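For reference, chains read A, B, C and D in written order, and residue numbers begin at 1 within each chain.
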Amino acid sequence: MNAFVAKDELPQSVPATNSDVLLRVDNVSLAFGGVKAITDISFDILKGEIRAIIGPNGAGKTSMLNVINGFYHPQEGTITWRGSVRSKMRPYEAASQGIARTFQNVALFKGMTTLDNIMSGRSLKMHRNFFWQLLWRGPAEREEIEHRRKVEDIIDFLEIQAIRKTPVGRLPYGLQKRVELGRALAMEPELLLLDEPMAGMNLEEKEDMSRFILDVNQEFGTTIALIEHDMGVVMDLSDRVVVLDYGRKIADGSPEDVQKSQAVIDAYLGVSH
Amino acid sequence: MTGMADTASSGGDTFPKILLHNAKVFEDRTAVREKDLGIWQSWTWSEALDEIRVFSLGLKELGLKPHDKVAIVGANRPRLYWSMVAAQAIGAVPVPVYADSVAEEMAYVLGHAEVRFAIVEDQEQVDKLLSMDEAVPTLERVIYDEPRGLRDYDHTKLHGFTDVQDIGRGLLASDPGLSSAWEAGFSEANGSDLAVMLYTSGTTGRPKGVMLSFDNLIISARNANAFDGLNETEEVLAYLPMAWIGDHVFSLAQAFTAGYCVNCPENLDTVDVDRLEIAPTYFFAPPRVFEMLLTRIMVRMEDAGRIKRKMFDYFMGVARRAGEKILNGEQVPLSDKILYTIGEFLVYAPLKNRMGLTRLKVGYTAGEAIGPEIFQFFRSLGLNLKQLYGQTEASVYITLQPDGEIFGDTVGKPAPSVELKIADTGEVLYRSPGVFVGYYKNDEATRSTKTEEGWVHTGDAGIIAENGHLKIIDRAKDVGKLTDGALFAPKYIENKLKFFPNIKEAVAFGHERDRVCVFINIDLTAVGSWAERNNVNYASYQELAAHPDVYRMIESHVDQVNRDLSKEPMMAGSQIHRFLILHKELDADDGELTRTQKVRRSFIAERYGPLIEALYDGSTSKHIRTEVTFEDGRTGAIEAVVEIRDLAPHAATGKIQEAAE
Amino acid sequence: MLYDIFIDPFVQMYQMPDFFLQVLWEGFVAGILYALIALGFVLIFKASGVFNFAQGIMVVFAGLTLVGLHENGVPAYLALILTIGVMGILAYSIERVVMRPLVNQPDIILLMATIGLTYFLIGFGEFIFGGEPKRMIADELGLPTGSTAFEFGERGLVILQHIDVAAAVIAIIMVATLGVFFNKTRIGRALRAVADDHQAALSVGISLNQIWAIVWFAAGLVALATGIMWGARSDVSFALEIIAFKALPVLILGGFTSIPGAIIGGLIIGFGEKIGELYWGGLVGGGIESWLAYIIALIFLLFRPQGLFGEKIIERV
Amino acid sequence: MFYREAGQYKTSYEADQALFPIRQDLVGIGVILLVAFVVIPLTANDFFLASIMIPFLVFSLAAIGLNVLTGFCGQLSLGTGAFMGVGAYAAYKLTTIFPDVNVVFLVLLSGFFAAFIGAIFGLPSLRIKGLYLAVTTLAAQFFLEWCFIRIPWLYNYNASGAIEIPKREMFGVVVSGAEATPLARYFVVLSITVAIAFLIANVLRGRIGRSWMMIRDMDIAAELMGIRPLQTKLMAFAVSSYICGVAGAMMVFFWLNAAEPSSYSITLSFQILFMVILGGLGSLGGAFLGAAFIWILPVALKFIPGAIGIEIGAETVEHLTFMVVGALIIFFLIVEPHGFARLWQIAKQKLRVWPFPY
């Protein structure tokens, strides 16, 4: 770590003991055909916290999430997940290890209902093989119902009972985002990555969503990393914030510290907001 | 007409006793369902008994004593209904409270009732109650149904419903004799004991706690069941506030005495779907629900294709002509009978199906006058919709319309065992087994409402028509006089206005003034849909309300009302001379409506004083600034310039001899 | 066995170079014709994103119209002009009746529509011209016939059919013309704009409908040229429709949107097919021409899914 | 209008997740099955059974097979005909090698060969999508067709190059070969089709069906939910090909009696694809509707000129049929690109909310 090199004016996060660190990113760099999306970024996510990743447009936030859940493979750097250094892994492996996420532009399964979309989050937990599925009656049906119960709890939790059997394509945007959160929750993840969960929402929807995120964090103890543009929301929700700009980390610390950081202020003034 | 039902023979004279009886007699019949987690979770009568027993034991262990008051706060949920009976089994008195009332209102009620326990739905209610420490010093324990979000709360005063049940279950497991001891505990109670306390929202002043005994509720319920032939096969949907006497009688008293099944909807957004799924056989709704249903039918039919709309209009014409007669068993031409049968297949049955009223045996509406056209609409579809007239103080039933004797403008004949008389002032008085014990801690009010002989003042002015049916004109105290001496019954006028789907609320003024003027509140759904069809653009409610085209439309409605009034000798003098359309919706949160959506006349008069002034000083528009409360409790102000329109009254045409009616 | 596969064919190539050259020439000509059909596909795909399955039947239809008109006494050159007119009307009708109502539908629906179009044109063509094969009026159009034999080496002969030479020349001319058309003319540039961004094209005031009619017409002309060439080599019959399928591997190789890709892909498939058939086909009973192109394309796809000249697809979430 | 759903409430997840949760649908299906199993056998003549119902059912099953792959898993395939051929040739070989084994069993077994071949040709789907994938399935089509011609062992070295189905009995009734009555064949075909349709409906509403649809709707999101793309796609290829294989075997065993390689040509692939598209991608019921449209319509068209008293040559009728079918395909794609199933869905929705428009 080169924490001393001309960075001492940056707010640094409190060093955490290893056992509390759920995920650590060390010196990760990612480039697409020569265009650098992420340059030498390091930070960690502690168990049970809400970690915000903020930064101006094009700062590399989404790329960072894509690296974490294995969709992109960084050219340099390592990712330590639950104490073990992770080699290259496919997204479905990340999913099976307890990383779930939502997307900036809602990525629901458009042809399916709300219920089926959330059920799809249970895919990894369901195991009945093809031949039981053919029969349906018996083990396959029992398994389906067992998971349906859990999904119904989520539907109840997110207060989307009224749209349970509605194809998601017909839902307004705010509700789609909520369903997507439900789908991610259905995976019972250890780490939940939220990519701009409140983008395009009105004030009321934002408040609802903030409440859900906090509830998820508190009720289920889920660790959350979220990208968000609304600074108010970030300050209210998150325990710690990491700030990116042009693919580099420019600040890391508590919301209050980050807000005071000159580098952050410059970065945000540099773009129209 | 059936006589007074025998209390001892069928089940018992208190709800806990009836519960024991039902658990034995109806055992595996479904007692209650709740749409929860996507399906209708069901409990049989014997399961309900088990649930109630363990909860009751748990309550006792937590220190609930006889005569304690227990607040019940929340939406219709099986557990909350059970809580009432569980409390009654210990001798305590449940006090259901309107869940949507603001903290201050609720604090008054709970403080007045001196509740020791509160059983509530969820975090929202818990927060509300916990904030009332000072206003309700007696409150010792809060029990919640829905644990979500409450994990980190201090649980010294707070208990989960299931935790309380677990306490009871634990006790029961360690001492099997406890069950019979529990039953013995309420075997001594009898019908004259206090069953429940319901606070009436009241159009004026503080709410009053109406004390009702088991006899009040159970005898009234049994009479009503006998009157309409209700039995254990009925299905009802419990969706009206639990603190309201109607729900208490329909979803608890009558359900227990008849043994029928009560269905609790998933949440308020899904009531329509839930009603469709359950298809209740016995359905109660205030007029506004029927109005809403009708408005929605009409709005949706506007969007239908031409052929379909033609078909709909044609068969609705047939229904208007013949439907009610067929329902009443009167003679109709064969052609109409055939057309009605076709219409039943093409229109009526599908409509009833969409509303979830296919299996309806009896439907009631009450609380306010229902528009004759709305009433007729539903009846002409073949739905046995009837009106009743009731009060909390009467355990609902005062008058009922018997099958086959339905008149749109009357509220029916006295219910079984109810005596009725009209006082000299025109006020309706009644005496019945359902008459309440008294107002809690308010003897003065009790004395002024209930006479020594047991007659109760309804506060409504009415007349008994020749056919023995009661006709309500207005609140007794609201009936006033214009300066020229003409009778002014504001509600009568307002109701006539409100029968137009475009008009949501109306407030008439005229007492001790020279002429009648009204405020009008447009119905956003109906007018919005009209605007869409007529290419009227608007950005807000306020803009729509002030739109000249809307004014023109409302003016024609008002004129129509004047024409109607002019035909009634007693009312011809109170035609509307001027009106305005309010720039905001009247709202319970702003105190303009009661929680049951009735207008609070005096409050509105005060709040919109400048507008009333303008109505009578001849000006054609007026600027007004109004404080409003938003849903989240914040307050703000909206301003508008409201236009006032004049109308020319019609000449009176009614024959004078009818004035006697 | 291994010898037969890995060594013997090359030995043969070396030992009989004249035969090898002949095979190469055959492959070249076939490749040119494949490229012509692929060109028709590319034109339409580039401008409208439609994978036009009917290109094959358009070839047949154009050929049949030409021959049919001549049979009914229309002079050859007039028939050619009239056929061009017919292709214009066809293009306009397709744009009007099929493409316009289906705008913005998913790819597969558009593909299906062109297959429906194929059915219709088969029925229509047979209804008017009958189902029997017809002889192409190559002579009447002044196309060269006959062949020239070149001596090669000591004892070999390479025979060039004149019509093949003409085909190659015409194909090259067409490609050049199209190249000029796309790069130098206003409409051509508009077409490219459409391919890149529909919205952008609209914003510069170009009517999409016009453009589609034009590309379908252009594809119709390519089809006519293909029909004449292919018809002169064999006959004009509905069997020609099958060559449409041959264009698919060509497109895979060349990329769906690249004109040079279509040419090079066509040549690779043409060479590959002939060489494969003649040197390796016998080992497995012959007739491998029918699928070899696909296997080549398939293997190719596994390594370069976007084709030779296609753009790399970066997946984003 | 006919849907009176009021009062149909579900008290268990079993009931809520039933194949036909609406009572009227259940009754409708019951009526259809009754007609298929009782009324048609009692009333239909041999021509109707042999030339309309049997091919209709065979094509329906094939369309279900392709629908699994294309409609539910989103992988476009043009090789259906060949996969059907694999089933047909496999069943033929099996019955020649094991003449005593029940022929229906062998037909069902032959699907596994098709499934295996299908899975192999599904391998490229990991890297290739959409139209490109369609082209690779064309490779399967042409390669397999070539195999049917060039490998004489497959057709037992018959001089004609075709496979001819021998006489086979089941429970003492001749079900295949020239002697089998249309009625016996009809029952076998109907039973197999209904059984497979039912079983596959079960798969589609469960975990596996959902995973296919996840891949179809958004493969990236699916992968991030823990779905393994290759496994899932290969399974869809295998299941799809199994069903197509069985349909292909039924086609020659219970309908055509003999088949040449050209019976399983690209034309068949397109025919099945049309059935799926016009029927409605992602709908089992649509597969039946599509099959009915593509198969029964041309048959019906052939009779129309005669029926209205116009004498037209058989060839002309053939040509006109092509034109009309082609035009109708385009017409339906324009009117409702999501197929008859969507039309039915819309109609059903209209009936459910009748008399309201929504």
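What we mean here is this: contacts are C-beta pairs under 8 Å (C-beta built on N, C-alpha and C of every residue); 3 or more make two chains touch, one makes a residue touch a chain.
No experiment lies behind these values; they were computed from the predicted model shown.
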Worksheet entry | Contact-linked chain groups that survive once chain B is dropped from view | one piece
Worksheet entry | Between the pairs C-D and A-D, the one where more C-beta pairs touch | C-D
Discussion item. Quick check for the class: compute each chain's Cα centroid; which one is farthest from the centroid of chain A?
Written reply: C
Worksheet, complete the sentence: Cα centroid separation, chain C vs chain D, in Å, comes to 33
Worksheet, complete the sentence: Between the Cα centroids of chain A and chain D the separation in whole angstrom comes to 42
Worksheet entry | Centre distance in Å when chain A and chain B are each reduced to the mean of their C-alpha atoms | 47
Discussion item. Distance between chain B and chain D based on Cα centroids, please, to the nearest Å.
Written reply: 57
Discussion item. Could you pull out the residues of chain D that touch at least 2 other chains?
Written reply: 13, 220-221, 224
Item to complete: Would you pick out the residues of chain C that each touch at least 2 other chains?
Response: 317
Response to the item:
Check: chain A positions touching at least 2 other chains come out as 71, 103, 107, 148-149
Discussion item. Quick check: in the complex, which residue numbers of chain D touch chain B?
Written reply: 1, 3-13, 15-16, 353-358
Fill in: Complex contact set, residues of chain D against chain C
76, 124, 127-128, 130-132, 135-136, 138-139, 142-143, 145-146, 149-151, 220-221, 224, 266, 270, 273-274, 277, 281, 315-316, 318-330, 333-334, 337
Worksheet item: For the complex, which residues does chain C have touching chain D?
Response: 51, 97-98, 101-102, 105-109, 111-113, 115-124, 126-127, 131, 245, 248-249, 251-252, 256, 284-288, 290-291, 294-295, 297-298, 301-302, 305, 315, 317
Practice prompt. Under the touch definition given earlier, write down the residues of chain A that touch chain D in their complex.
Written response: 69, 71, 90-92, 94-96, 100-101, 103, 107-112, 116, 119-121, 123-124, 126, 128, 130, 133-136, 140-141, 143-145, 148-149, 183, 187
Fill in: Partner chain D, residues of chain B touching it in the complex
33, 38-42, 276-279, 297, 300-301, 303-305, 308, 311-312, 345-347, 349-359
